[in-house]
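Labels A, B, C and D are assigned to the chains in the order they are written; within every chain, residues are numbered from 1.
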């Protein structure tokens, strides 16, 4: 079955005959500029910003730029099949929507709009624990689309078990556990505005709606929001977890478990040793450890370290089809993309998310084909050159 | 016979005595700025733009910057002979006009003006299949100038044979087959304007004028342009060709055949194995595979891979005389230059193209001489230093 | 005992609930911009400026950017202890306030404000010989806080002995001898304004108040300031010292002695051979030798050269928590930070210094924890990656 | 004898007490900006401009930035002696004024002002053949200062012999033969203005005043300037010279001869073999071969190639004292500096040249001392670090 993602290109050009332009830019750099214009400073900076000096976010982009595709000719990549399967989830292309919290600061429909757009394309959405909407509502919006659940692991086993149970009940199949955010990083762009959505009650749908969480409160969050906040803050902030706690998750989740935030081959090996099903090589888009290594720079050695023992996914810095191809070539089975669709949500709700995704998939489809590849499995280190 | 190209310099300075300035800038960077001011956004961006994030176009320039000429002194390069012969075509300097389509978006005279300017200098023009004017009209404008034909290989053998026959009949001697554009890349700068000249009927001279193409239509393109467009789109877009189809071209073209878009030594070797006469090491000026390697970075190993088996030409990023010298030093027999003359066309029609070409050739002539070289054959890897 | 520095983050966010923002930015880059707006050009450029073309100041930052942290996961760094002890001085984190002279050009309270802020956090202040306030006054403001004294070594033994005696009497424990400023560098930013605070009488508190200095004058500095200036200039400018003079210092200082400005392993070894207690690897923040090597680039080999023979401190370019972590990883036991707190002083006096320090310590605390480290002793070369 | 150049620093600061500022900036980058504001575009661009895209001029600066000084401490460089002797010429510092032609486009006094400033400091001036003033007049202005003569070698032996004779008679001791300018490079910045001073009669003092030149004219240049121009153009442009012509120079010049423009070790060796006395490693400040290697990048291997057989001088890109130190460390015995003093001339005539020179020498004096060197002979490759 051939990919038809590239057809979005001709659709746009043909629309031009009727004077119709795309709803907003198809250029990832201009996209951020457009979002900056649309949003209030607080929400924009919360999404676009990074830890500290932004060094890691810049490093992510430079790492992509330093690696270059060597296109091959006359290989007949007319018919391309971008489909792949990751941990049992079939997807039309090696792309997932990265977990992005508090989406209602970007658009009133928030995660519901994102879920609808994702499902319309068959692209899996990884729902964040910090969602503005409840697990159940987002699941409803997802319809029959594939869905994964991201866990900010609460420091309260009852609440954790309750959340996991609800996610499973709502049809989420795969659990993505974020390892790099036991507390938020020092983020000057947010601190300078004293802007943190959670403290304002945004992104608290999960704990506030959770029976186990509510059971621990004297009054409901609706009646006494301050007390509710004071209960969730230490539950989600300030306490690390270590390797010996992973069996607890395995006990309470019967689907695949993916560890997100791995940056070192030894940690990747240990994840495999611990019986995890996958990892996401990620530095949280440069949002957590300022000055951290670019995730793409560590991907090759991590992929080599684990071989076929565990699925290797990638995020942090993916903006274009070429970026996806490069991550695949260096060992990722699929990539997660975050900020671009968040900007799409800000600029156009469900349609905006779809526009961004269709653009990325078209770009990927065309770039794969033009460089002589027919499927996500074909790019290899030989497809690239360093510098 | 000594080169007189450098004399354009004194001509300009002497004109200054009468207060006459050059028609427009002689600086390639300022040239692009001038063209931006002159043209509408659509045409300018179509010509100046690149695939995706523009990473490859930037890489092309950086690759030139990283390689530096080591000038030699007291070698007496007073008398220089820039002439060369490529595949039987004699040319006054190792420079050809790269195929650039739809030139009427830049100037009403389009390819006719370019052809006249090229012929006036004896520089070969490579006519694009996507020309705004018919093969025959451009041939007429070329007079007795050398001419090569660039093929966007149509996915209809009858039309292909018809086009090749017309090109041969019109006196085109060498066929340049573009391998990297079976479909257009994802180009945000054009997509954001929904601007694609072909869909608007520009650059459709070849198929619309072609008897074999017209024979396949119920009504003529003049009567029913939509149907004509719907016939040519799948003919020129969306279907790759592979190595086993090259004999078809050889069968229908009795002159030299050059494959344009080679970026890997193995593909270069295979072109030689397939009996091709030449290759153009090119990434289409960064217009096709975003994130692709700089063409200059792969030129040395490609030149080494094929040795004397096949002629090696180069394009992608050439802007100055020093750039030409560097490409020659790294193994190219001649280079193709594109955007600069397209800007010249926009700014001054035939005279504008000539001004740009004379400037480039003067720059090349002077740079060769000042660095101690007397002919295009003298630069070698020893003429350069990396970094 | 766990670090609570990170709590400054939540304090700021919680203040946001009441609409309170931080007193000024938490971003080191924006901090410099804010100081530029607040200060007159002379004082701003004196503090922000560097020697010559500023090449060394830029090199300092680039050296940090080129080294990147590889975060480790699931190591449980919930409880962190940032305390360390350097040459007998206990400090709550491996951070000291670098000697910064003439602080009254930034804020009327000058070094007194800085001393109060430092003591309130327990952070050692290294008082500059070029202080706007006397040793005794600053000591008074320091209360029970740890204090080190920086010596611009006067070319008059009596005055030197007098100053050292006063510093000891005032409770300063450790002597930091600056080796790289026997004269000021060529600093175009100051020269263009003819702005040098000392010549205007600022930063002359030490010599003007010193009995040994006054004893050498016919009239007191208050009566005849010109003569006083003419006496101190050659005392503090224009005469280098060499290794054989170090015993003189040892003779007159019974606490630890640290040599500041070491940039070469051989000089570090020699400092150890000379019985010194510590060194500061430093290029004076790029203020002295234009075109000098980045201090971070020489830190690893210096640390290796001296091993445990001598304490290795570091300054020059530290702006963020990640920078501190990197310097620790490469062999520094603690770092000195200068311009950031000077900007804080300019923007908010004592409160401003405290705000900057709390921000840096919070950033360090969080960055250590998020990358899997629990104490300043844990970062090692393996924590980093080059490029 | 100790250097007193550094005293210019305190002179400037002390002037500040009376509210006096330097006549113009002491910062080389700001200096170019100031000159841009003062001058008409033609003269400014002629001096500031470079060949082609300016790549070589940028490369010159980057080559300095990549090499960094490793300062050494406690070496007692209080007393510094910057004097050196090059080919029998004693100079107070290893710095000469590079030949810069047509200085009257910058200031009416032109080379006369430069000569006076140079002599007042004892710095040798290398007078350009393209001087606005005659050899004899500049010699007069030079007084008892050291003077070297730069030859643009005319393609007419009688004129050449006449010029050399006049230079010797006027007291010029050393001949600097420029090898890289048998014709001018392609310089868009000048071409776009059709601005070439020589064609306008500026910088023609030498040929127009020369008896041998005038003897070849039917009418004097004053009567028939066009014919005079038509005679000198082919005499100074368009004809290279080769190694076998050097004996002619030796025959007609009894002092030291220096070849300027060497960029390759083999050419340096050949200069020594040819019995030349010195070379200037130079790319003419990036004005001749666009895309040429940075001169500093080839200096080390050239210095090693010739050892003590021949004196090695350097120019191209020197702006600061650190630059001079780096060139000395890599094997140059002295450096030539051009554009900075030309800007000084434009901004302040003789005083402006002196201000720039005093600034550079002060910067050099201080930088040498602060990094632990006492004389120009002390910097060595060990004084630097790459990157």
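Things worth noting here:
In this section, a contact is a pair of C-beta atoms (placed from the backbone, for glycine too) under 8 Å apart; a residue touches a chain by one contact, two chains touch by 3 or more.
Heads up on the chains, UniProt names are A, B, C, D = Alpha-hydroxy-acid oxidizing protein.
Treat the numbers as computed from the prediction; the structure is a model and nothing was measured.
Among the other chains, D has the CA centre that is most remote from the centre of chain A. In this structure chain C contacts its sequence twin chain D using mostly different residue numbers, the overlap staying below half. A separation of 59 Å divides the Cα centre of chain B from that of chain C. Mean C-alpha position of chain A lies 42 Å from that of chain B. The set of chain D residues touching two or more other chains is empty. Taken as a contact graph, the chains are arranged in a single closed ring, with each chain touching exactly two others.
Pairs of chains meeting the touch criterion: A-B, A-C, B-D, C-D.
Those residues of chain D lying in contact with chain B across their complex are 51-53, 55-56, 59, 179-186, 188-196, 199-200, 233, 237-243, 246, 259, 261-264, 266-267, 270, 283, 288-294, 297-298.
In the complex of the two chains, the chain B residues touching chain D come out as 6, 9-10, 12-17, 20-22, 25-30, 64-65, 67-78, 319-323, 325-326, 359, 362-363, 366-367, 369-371, 385, 387.
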